[in-house]
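Naming follows writing order (A, B, C, D and E), and every chain is counted from residue 1.
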Amino acid sequence: MSLLLEIAGLTVGYGAGPTAVLAVQDVDLAVHTGEVVGIAGESGCGKSTLALAATGLLDPPGRVLQGGVRYAGQDLLRLPPAALRHVRLRQIAMVFQASMNVLNPVLRIRDQFLDAMQAHGITSRREAVERTQAVFELVKVPARFLDAYPHQLSGGMRQRTVIALSLVLEPRLIFMDEPTTALDVVVQRAILQSVNDLRVQRDFAVVFITHDLSLLIEIADRIAIMYAGYLVEEASGPELYQQPLHPYTQALMQAFPPLGAVRSRLQGIPGQPPDLRQLPPGCPFAARCGKVRQGTCDTVRPAMTIVTPGHRVACHLYPVSTEGGKQA
Amino acid sequence: MTLRAFLTNRRAMAGAGILVFFALLAGLAPLIAPYSPTNINFPPMLGPSAAHLLGTTANGQDVLSQLIWGSRDTLIVGLVTATLISGIQLIVGIFGGYVGGWIDEVLSMLTNIFLVMPGLPLMIIVAAYVTVKGTVPIIFVITVTGWAWGARVLRSQTLTLRSQAFVEAAQLSGESRWRIVLTHIVPNMAGILVANFFGAALYAVLSEAGLEFLGLGNVNTVTWGTMLYWAENDEALLMGLWQWMVLPGVCIALLGTAFGLLNFAVDEVVNPRLRRT
Amino acid sequence: MNQRIAIGLAASVSLAFALAAAMASNVGAAGVKTGGTLYSAMPWGTIPDNFNPFLPSGSNAGGTLSVIYEPLFYDNSVNGQLVPLLGTGYKWEDHNLKLVVTTRRGVQWTDGTAFTAKDVAFTFNYLHQYPVLDLSRIWSTGLTSVTATGSNTVVFTFSKANTPAFLYIAGQAVVPARLWSKVKNPSTYTNPHPVGTGPFTLQSFNPYVVKYVRNPHYWMVGRPYIHGLVIEAVKSNDTSLFDILKHNIQFTYTAITDVAKTFAARAPAVNHYWWPVNNTNLLYMNTQEAPFSNTAFRIAIAEALNTKLIATRAYYGAIGPANPAAFVPAQAKAWFNPSLKGLEHPYSPALAKQTLKKAGFKWTSTGQLESARGNPLPSYRILVGAGWTDFITMAQVVSNELQAIGISTTIDQEPWGTYESSLLTGRYDMAICWGAGTGPTPYYDYEQSLGSQYSAKQIGQVAVSDWSRFTRPAIDRALQSFRQTSNLAVQKRDITTVARIILRQVPFVPLTNRPNFFDYQTATFVGFPNAQNPYNAGDPPDAPGANLMYTRVHLK
Amino acid sequence: MTAPVQAAPEGSATTDSALVLEVRGLSKSFTVGSIGRRRRVRALNGVDLRLERGEVLGLVGESGSGKTTFARALAFLDSPTGGEIWLEGVRQPLQPTPRDLHRYRSRVQMIFQDPYASLDRLHTVYRTLSQPLRSFRIAPASQTRAACAELLESVGLVPATDFLDRYPHELSGGQRQRVGIARALAARPALILADEPTSMLDVSIRLTIMNLLLDLQQGRALSLIFITHDLAGANYVSDRIAILYAGHLLEIGPASALMHDPYHPYTQLLRKAAPDPQGGFRRGERFDASGEPPDLTELAPGCPFVPRCPQARAACHPHLPAWRELGGQHRVRCVLYD
Amino acid sequence: MRYLTRRVLVLLLTGWAALTINFVLPRLMPGNPAEVMLARFQGRLSPRALAALTVEFGVHTHQSLLAQYVAYWGHMLTGNFGLSLTYYPASVAQMVAQAFPWTLGLVGISTLIAFILGTGIGIAAAWRHGSRLDGVLLPVSLLLNSMPYFWFALLMLYLFGFVLGWFPVGGGLNLAHQAGGWAGLGAIISHAILPAATITITAAGGWVLTMRNNMVAILGEDFVKFARAKGLPDRVVEFRYAARNAILPNFTGFAMAIGFVVGGALLTEIVFSYPGLGYLLYEAVLNLDYPLMQAIFLFISLAVLVANFLADLAYILLDPRVRAVGRS
């Protein structure tokens, strides 16, 4: 496993000047070859913005204000547009949140594949068609759908098609932003399974973004939790599952009714995420936190602490230590 | 929310500014116009001078006074026609979209027919058939030929709104159809209605000018349209009285632009998909 | 000024007292350059694909009646001369019940056959056979028969004397009997290969341009000087004006706004206009409708109108105010009886108000006129043709001046068809139009405008040309007397009788003179008619009078 | 869990005062296509259900299963095309007059999926809530405001006066959904249809809203039909769960029984596919799910799940299996249990 | 083909309605063609002649309305529009046939150019939206769109025709040329440039506005963003993905646009003395030439109808979704 993508100190804002809204603040995140990194958080926590910024797809008025993204040694954010274009799909693919609408409605599926390959230098039509058929097989979409228009496909098929498209040039990293949210559980499960199979075969890394922490726990090697633009906790999947440290992560774990366990009343997370335009000082979660310590949590913004190797958290419950060890 | 978006929209403000300017001109015409626009007792075809800042017409009328007074009838024709057109659009759109059934079928067909019939030729023919010439028939003619497009837009908007959850929720809350139309559908279409209103006003002003130009208008009034009619017939350009020919057209274009800007801005505010600039 | 509808007052004709040998002075003039093509553009819109000379001008291709077919005589309403064309002389016999016309010898139809008196007789009998074609109502004048009594003599017989009818006979285009006798339905026949006697023959036609080429066998030896004539139909006065300003064309017939400044002054050496007066613009009032049935009311209107101002506004000094009895200036001297002096109604709003007051009218506090019973008068419509800006301008001034005495009006501009049919059926209050008839004496206008046979009893019925619907037995008697005599003194007395009634009862208010709007430029061609050499009356290019111009114009 | 349900859906005890709703053979189909190519979409195919006073029924299905059609048909937003609806012992005409509808809606209310779309952005909270109060004559005009405040408090929007005059855009998604719930409560209905009330809400507040619904339901002895695609959510709130597939009910039973021991292969599939926060890392786990829900215009006569069923057999094809009761009101429609 | 059937139905019904309105209008009219004819002949017609004429025009029939209607349809279907009053005794069909090619050429070509130009500019503006170009284009397009056609035409004519003399001052053909041959073609083109430019410039503004708005909306769509994420070159994204979709709504708006252009062209024809239907209609109206008016209006309506139908067909070809069977 080698370092593939490194996001360092990334801060992204919408708008400019004093009215700018910081959607992502000072986020560090690394992705290694072949791993599945999950990013979880509520809507508006900045996870989608992070993905867009990290792939250079952020549209105005969104702007990267600080930090950088290095991919295979290159600074992605400073690449000239032409070079960046070549990185896309070929190196880093992106599967969007609203996958239902990411296919051009007036072009046949086949043409959308051919466009993509032509843009990346595969000019032989035969090769392109062969590749397309191969990925269709991988994602279990019948090849006859190649001649179809997007509206003729069901939601699940469309999602599979988009995943197939993201795979067709064998990228090393795929960002998946809520790829299955709009789908039914059965389809979702099937697609996740396909992606995982493919990942094993082709050895690409996945950054999987979702609000569904329970899903991440099932599939991710590493999970990062975001809240109000901040990365608040990061750990390996099993570690986070067994030992969530941040009160937000803990609450999030509790926010899903269990499937099998005996029914008992659970409590959701009280309150609602803060308004990013008027972020309070201190910990952004303080207002909703059951373990809030007045005077600290509501005034001082907690720094990221490495609690155990591979497990970081930004919470005053876990003060910064130079050793990186845990202090009670 | 929308009002503030509107007030901070530069285009809206530019449009509103022009409109207010012309409205003031129209409202204060008796005070600011140096002479009566129909006074024909000045020497004809004067160039600009201190007494006549924009010169006089071939009939010896003061061009500036005509321009100022012209804003009045031009605006009246534009706004009254737009109001009537909006009224028809609202009724047809809502009847079609909300009531549905055969009424909708008939109205849709009617809308489609009027949509395809070329406006100005129809207008010319209807104007030729209307025997009494005056402002009222002109408004009538433009209204009859100009409502279809907006009605279609409003109908589809009504259809969209009808299936919105809040309308269904209102049904479940026991509201009657007409209360739903009045308290939910119409207010939610306000933006489109306003945008259509300005579109119709633009259409009306241009159509009026066209009819006047063709000699199918009302020569008793002073509008920018009649000014152009006289300027063209009296060879204003050849006589070097360019201000007489150019300015009414510029005023129409500016007023039209104002209507267009407002139409556009309201559209932008109402339709968030356009609000990305 | 935008008389887009070029319905010519084409058949303007006159009665002459002496035959002028006008030809002689010009024929064979030394140093004349031949060749060249003369261009004209007329705001006709489209040229009908039709060379049927029996249709009114405008329904046939322009030129049909001026260069292909010729009448017997051309009457010049400006100088009173009668120019012989296919006729060479005429005389009234048998107490004015018989008209004998001698026709020209040695004339050839363009198909090579000879023109004879038989063709003339055929033409007139043809009108009798097909009344639709008899636009001048020649067979309603008392004519009973037309016969060719020799190869060059035609005799017209009348049941009752009607000397003014000569004018209508003189102006009728003559067609070859051999060809037209075979035509089945002459009112719709388009005559695609016209055969006439005129100075040109048809070269080519499309709906926008008609071209004529010189007739080498024309009876005037050596004429025409020019080789070709092209008339283009344009859509607006602007285009023809631009065309003549750019010297794309040599002449046009357009009422140019402020013609002196807009046109002539731009190239004073070559741009000219000649607008000879031959008619009068009148304010018609519907005398079958209150309050216009009230003579005092009509007089008050006449007194309230400043015709001088109206003329200035409408024609910028190119044309003057009208004679109050509607005499054309050229005829006024001969026909105006001094006893009529003092009957005119000079411009005086004060006098107008007095007249109204005397008749029992009152005014409201805001100055609106009201009837004796105290009912405010409604707003009256002034009917004008849509786009005819000279009339609309007149209407505006009239409207202003009537407002000054408390009569409120609105201007009602109507498309030509509506305008004309409203005028004919009496569905109007006031209207501005020209005089219904023109000719070398006031008789023609008086007869058309006031003759009871042209009037109608009720609103809704068609009054053919008495648009104010004003009739008086005394007028009819005077006109009848005029027709039956060739005694000038009697005729003058009759005209004075009618003029007196006009001045005393004001069936209409003469506003301004009405000219022919002939505009030309002499950059390449010369020889156009003008005030110094009024060999025709400035007729439009499709009227018979233009024939005389086409045979005289030549390269510079 | 409250009183047990009667075994046969064909039961005739329509006067049973405990029974709030009985649905028999409810069907709904749409016509699509132009002349010559008309096709019928059969979205609901003879659904039988009974609901007792104070009971919560979870209706679970994938998209296209007909669950939303069911809710809309029950609310008469789209009239059903066949079947019977009995409300509190009274049969409801399928083509109701406005008066019928008014009466029916005073007893049956609905909570919408999308809290953003279901509130008129131009109406204040007060205006929205006063609508049912006025039209169902719940509170006299003078007391409308107080009644609205009371409603808001009952859904946890306190202090109510802070919220009464707000517009929807001044509320968060959760708060909007609370207003939507308050509106449904305002009519004092016997039955509330909740159509995926939490699916558009943030994960962190879903539980809160579910809890609120449960509190209200218990406090007012309301009956609730909770429609969802989320098996875990249904399990959390429901007394009983019904599984809907292609417009057919396939299985129904007490929630815990159905969760622990799903009978129908489809229910088993759903159970297996659902994310389980308690399940931990299970990336390698195999899961066999091919195919998609059937095209509702081309339904074969047999069990609709046949094309995807790993245990399909010949007997599945000819006709829809009959209901089998396998103890404890847990019933299933599958040949495996014949 | 539900969409197409519907369109055909609309086409037929609208055609029927246009014809029927055409039948009804003159019959609502107070005037009488006989009076107009009388006026045309300056009152010189004798009653006998008048009677003969009215029979020729078929206006004094004492048939029932229904019988007249049936006869009218018979005439319309056989192209027998009667005789023109203005151009008596020319047939209406002859007059219309003369004028129609001119209008078709002028309006057809300038509409096409306006559409292409306006759409192109709209695409460019939207692609750079928020830029200065976009900022300037919008008010300029609005201004162009708000100018009275005839006024702009007059200014163009005066400036380029009269003052500068670059183009003929009017007409469709040069005085010296007949139609035919290269010289004739050249003359036709040189006469068409100014009117065509006038129509194009004033009409293009509308297309710029609609296209820009459509395009801005489409640029926000996920499939455009995804196209960029695929690494497609900008030009491909701009045209094949964004513009291709943004142009579709224009086809439904074509009805109004073409009607508007035809109306504007009518005024333009009058100003430039262009020998088309517009001027003929104007003449017909001024002369109360009912048969001609009827036929021209019919022709224009049918032409617009057909243009719309073609636009619909193009729409079907370009948008696979409308071909689909959807819920009504």
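Operating definition for what follows: contacts are C-beta pairs under 8 Å (C-beta built on N, C-alpha and C of every residue); 3 or more make two chains touch, one makes a residue touch a chain.
What you see is a predicted model; the values in this text were computed from it and never measured.
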Touching subunit A and also subunit B, the following chains: D, E
Farthest chain relative to subunit D (centres taken as mean CA coordinates): C
Interface with more contacting C-beta pairs, comparing B-C to A-D: A-D
Separation of mean Cα positions, subunit C and subunit B [Å, integer]: 45
Mean-CA-position distance for subunit D and subunit A (Å): 32
Mean-CA-position distance for subunit E and subunit C (Å): 39
Between subunit A and subunit E, centroid-to-centroid distance (C-alpha), Å: 54
Junction residues of subunit A, two or more chains touched: none
Multi-partner residues of subunit C (at least 2 other chains): 238, 245, 386-387, 415, 418
Residue ranges of subunit C in contact with subunit B within the complex: 1-2, 238, 241, 245, 256-258, 261-262, 313, 316, 386-387, 389, 392-393, 395-397, 400, 410-415, 418
Subunit E to subunit B touching residues, read off their complex: 10, 13-14, 17-18, 21, 25-26, 28-30, 129-130, 134, 138-139, 142-143, 145-152, 154-155, 158, 162, 209, 213, 216-217, 219-220, 255-256, 258-260, 262-264, 266-267, 270, 278, 281-282, 285-286, 288, 293, 296-297, 300-301, 304-305, 308
Subunit D contact footprint on subunit A (complex, rising order): 36, 42-43, 140, 154-157, 184-190, 193, 196, 211-215, 217-219, 237-238, 241, 251-263, 265-270, 272-273
Of all residues in subunit E, those that touch subunit C in their complex: 31-32, 35-36, 38-46, 48-49, 52-53, 56, 83, 85, 87-90, 94-95, 98-99, 154, 157, 161-162, 165, 169-173, 175-176, 178-179, 269-275, 279-280, 283, 285-289
Subunit D - residues contacting subunit B, complex: 75, 77, 98, 102, 105-106, 109-110, 112-114, 117-123, 131-132, 135-136, 167, 169, 180, 183-184, 186-187
